[in-house]
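In this document, chain identifiers A, B, C and D correspond to the written order of the chains, with residue numbering beginning at 1 in each.
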Amino acid sequence: MIHKELMTIISTNRIAEDSIEMVLKNPCISEIAIPGQFLHIRIGEKTLRRPISIADCNREQQTITIIFKINGAGTEELAMYRCGDVLDVLAPVGNGFSIDKESPSTILLVGGGIGVPPLYFLGKTLKDKGYTVVSVLGFQHKASVFYEDEFKALGETIIVTNDGSYGEKGFVTDVLDKVPTFDSYYSCGPIVMLKALSTKLAGKEGYLSLEERMGCGVGACFACVIPTKDGNGYKKICKDGPVFHAEEVSL
Amino acid sequence: MIHKELMTIISTNRIAEDSIEMVLKNPCISEIAIPGQFLHIRIGEKTLRRPISIADCNREQQTITIIFKINGAGTEELAMYRCGDVLDVLAPVGNGFSIDKESPSTILLVGGGIGVPPLYFLGKTLKDKGYTVVSVLGFQHKASVFYEDEFKALGETIIVTNDGSYGEKGFVTDVLDKVPTFDSYYSCGPIVMLKALSTKLAGKEGYLSLEERMGCGVGACFACVIPTKDGNGYKKICKDGPVFHAEEVSL
Amino acid sequence: MTQLRVELPGLSLKNPIMPASGCFGFGREYSEFYDLSKLGAVIMKAATGSERFGNPTPRVAETASGMLNAIGLQNPGVQKIIETEVPFLAQYNTNIIANIAGSSLEEYEYVARSFNDTSFVHALELNISCPNVKEGGIQFGTNPKMAARVTEIVKKASKLPIYVKLSPNVTNIIDMAKAVEKAGADGLSMINTITGMQIHLTERKPIIANKTGGLSGAAIKPVAIRMIYEVSQQVKIPIIGMGGVQSAEDVLEFLLAGASAVAVGTANFQNPFICSDIIDALPSTLEKYDFQSVQEAIGKGILV
Amino acid sequence: MTQLRVELPGLSLKNPIMPASGCFGFGREYSEFYDLSKLGAVIMKAATGSERFGNPTPRVAETASGMLNAIGLQNPGVQKIIETEVPFLAQYNTNIIANIAGSSLEEYEYVARSFNDTSFVHALELNISCPNVKEGGIQFGTNPKMAARVTEIVKKASKLPIYVKLSPNVTNIIDMAKAVEKAGADGLSMINTITGMQIHLTERKPIIANKTGGLSGAAIKPVAIRMIYEVSQQVKIPIIGMGGVQSAEDVLEFLLAGASAVAVGTANFQNPFICSDIIDALPSTLEKYDFQSVQEAIGKGILV
């Protein structure tokens, strides 16, 4: 169930070019949030809330971490919020990644840009459950890379930059041959990346976290629908997603 | 000439019910402002600026003082500004009170509610020039009274409240017989008060500071016009006013 | 105690507040935030003859104090709505208003008649801001004759009171209102969204896949107030007002302009509790402005 | 170096930015803030046959991301404007556009002809959002035939290029645009304000003495963009776009929608330097979005 909660900003840091990491205090959400879910954040007087993934969650310290890129008026305003400021959020929103493998196995995480944050919370959770985690993270260039060490702490991690200014050069899909064999993959990033990836990994069991412009964020307005593969249905990204089985929806 | 200036709030105090006194630092405006002029203040993202009179001006300390009543969304937002915050203002706006008497004489100041602030800067200036100042200040009730001591320091001061909860009971016009003879009067307040006053003091030389909803505040949009007594003309309150000779405009 | 009750054709409202069509789905999602029995009524998402998948995405964009939407009447179709959605809402002690849409007179008639099969729906809101495919796609809602025609047909087909939802995208809103009143409308609902567009600077194309979308939110409130103020003086049937309502003060402004009840749309996205919050604030707001009841405030802002 | 220059009928603009009519008076006040020679052009406050005192006050109200105004075409009359205002503006190295209004075809014709007497005015902006007193007060701008008629007459009377300023308060903006193009308009100017109202809760009456006022500001930008996008594909004459412009990004959005130049109105009240600031920001903004010139951006947001 979605709650409307107030979260106090207890830290805010610029961790990469135009990228902000914020740690938010909230007992209720930090207790129930699962990887892949997001916060629907009200910013100033903006008409629409902004969906931002839960990048980390600390049940003991009762904190939620978000990482967002300044991408327009709203995130620009959010970036100016300071410690002690209070955010009005709807949370936790969405279904999250389903972690259903019986026997702990090897999982590949593939993230692109602002799709990287939710994979960190997922990776940590998988590692805790005994899975082997391999990460491939794509960024624009060196300056936009973040959380490399954090992911390395979870397992093998390959960084890819479009211009090769750091790590491998190219797209995440260019380095898939470099990763060890894995049982299933979880990915979040731009639609073009998800398309290329799911085509390249067709047959493999995969889960994709999708993005779309949202209105309500709770499933009431039909703004964020995506057609299902069978052709005669649709899913709401905010409510039925944002995570879908790669076979389920047609990108 | 009107300047677009930034003014830093160096103090803000609640001096009466819903009434805020703010001291603003600005070298340029504090040097040139004269009594009766106002600031046209930008507040957040509001479409229109808010006109607020200059209640005091300290040329040495380079400060401008404003006193405003919380009267709606804009003043409510302005009241939440804190020390150190910077205001975007157009100033000084308007003609101000003309102080043209050759021989210093006795001047009556009549203010009502939010019309009181500009009279303080005027009274101080008059006193410095050697005039005798008598003030009649009208407020809703006891809780809304402000600057009584400040005006007393300028000369005889009569406080009137509509409900009689403090000072005399009734309207400013009810106590005019109590004031000593004077040569001319300067007044600012609600239009109804100005009407009653100018009728009662017909014949006496008087100056009235008027209020009207404004657009540009610089004389370009024709939002704030008032017809002249001769019937076939008009004046712009923001540019030709806000102060007018009582005989000049028809209220 | 101020009195919130309002009596309208087919609708005995415990208070004048209801979520606007399309902004509240069929109530399921918001029922997790508060008890829908608190609402004066619920206006359901548009129902069409058969299931519709709507427009491609993106379907929404944000504008200054507003938003654009081009959902495209996505809905499971009138039969499915009657089977699965209406019974859900019927559990709550509130009025159910069905918003009906179509691309032809026949479709409107079919949808209207279909709602005769359920006893849970109290009134129909006739959404005439839809293109008439048989007439070159011009909207029913922008032509008085076509608006009157669809109103007549729906009125004949249905046993429920009909509130015709007017489009603001017209030269003369009064002509539209009079035309549908004459055609038998029991009430009016206004305003629907104003057609707008936003262009993405880097992509160099409209943000909304449908190119244009409907502008809603606080930005359009002055247009809604103006149209309701003008129309309420020219018709005898009651008006459900909407367009940018965000607070109890806004509700009072709509009542003063001549609306008898008020729907809240876009504001639900900002605050899922908005309808509930407004209902809580309404009594004190009415008192603050010296009104004893909602009924007393209706039309009181009209200068004659 | 990006190129800001734009060539329009009668107007050789060093840049596409000009203050909108009624929001800049006759330039005197804003000339104290910056050198008006910086502007592509100046559109003067409306001129009528003889002096007008306009509507009673209050004449303005603030709305969400916008404002309402009902100034009522207050102006000293065309002769006085030609004698005293035009010469003032003529000192500056910019284009002068005269906005003309009237209550009858005769008045429009007289005002238009009067501007033939000065060599300083480069074009006329024909404001057709005025009631035609002889035709029961319906606006010239809401009826294609009347709009075409007044355009023809003004075109005949004047030796200057005519930009017809369209009202957005119509069902079909394309019909209006085509009608005035056919009638000889050299260009279009759009949009004028959208009719709205705000009611004062304590006073229980409209805030604006005229009851209704014209809505302007950021709130109406999506409507302006939509109408310009639609019209620019249906006419061959250039469009001066306006409606809620507050930044160089907004200007680019109007260019992408099909406008060839852009006027800034309400934003002058927020920031008296806005036109100057936008002109300074325009080159880098064009570069940021990969345009070499203003000319190159015109209509580039149109999906075909």
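Criterion: a contact is a pair of C-beta atoms (placed from the backbone, for glycine too) under 8 Å apart; a residue touches a chain by one contact, two chains touch by 3 or more.
This structure is a prediction, so every number in the text was calculated from the model and none was measured.
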- [ ] Identify the chains in contact with chain A as well as chain B, in label order.
- [x] none
Open item on the list: Using the contact definition given at the top, which chains are in touch with both chain C and chain D?
Closed with: none
Open item on the list: Quick check: how many Å separate the C-alpha centres of chain B and chain D?
Closed with: 36
Open item on the list: I'd like to verify one number: the distance from the centre of chain A to the centre of chain D, where each centre is the average of its C-alpha atoms, in whole angstrom.
Closed with: 47
TODO: Specify, in ascending order, the residues of chain D that touch 2 or more different other chains.
DONE: 63, 65-66, 217-218
Open item on the list: I need the residues of chain A touching at least two other chains; which ones are they?
Closed with: 45
Task: Chain-level touch network, classified as line, ring, star, complete or other - done: line
Task: Chain-to-chain touches, reported pairwise for every pair that qualifies - done: A-C, B-D, C-D
- [ ] Spell out the residues on chain A that touch chain C in their complex, using ranges where they run on.
- [x] 1-2, 4, 42, 45-49, 74, 90, 212-227, 234, 239
TODO: Would you tell me which residues of chain C are touching chain A in their complex?
DONE: 22-25, 28-30, 32-33, 45, 53-54, 57-63, 65-67, 69, 71, 74, 207, 217-218, 266, 268-273
TODO: Over in the complex, which chain D residues touch chain C? Could you list them?
DONE: 63-66, 68, 142, 169-172, 194-199, 201-202, 204-206, 211-212, 215, 217-223, 225-226, 229, 244, 249, 252-253, 256-257, 289, 300-301, 303
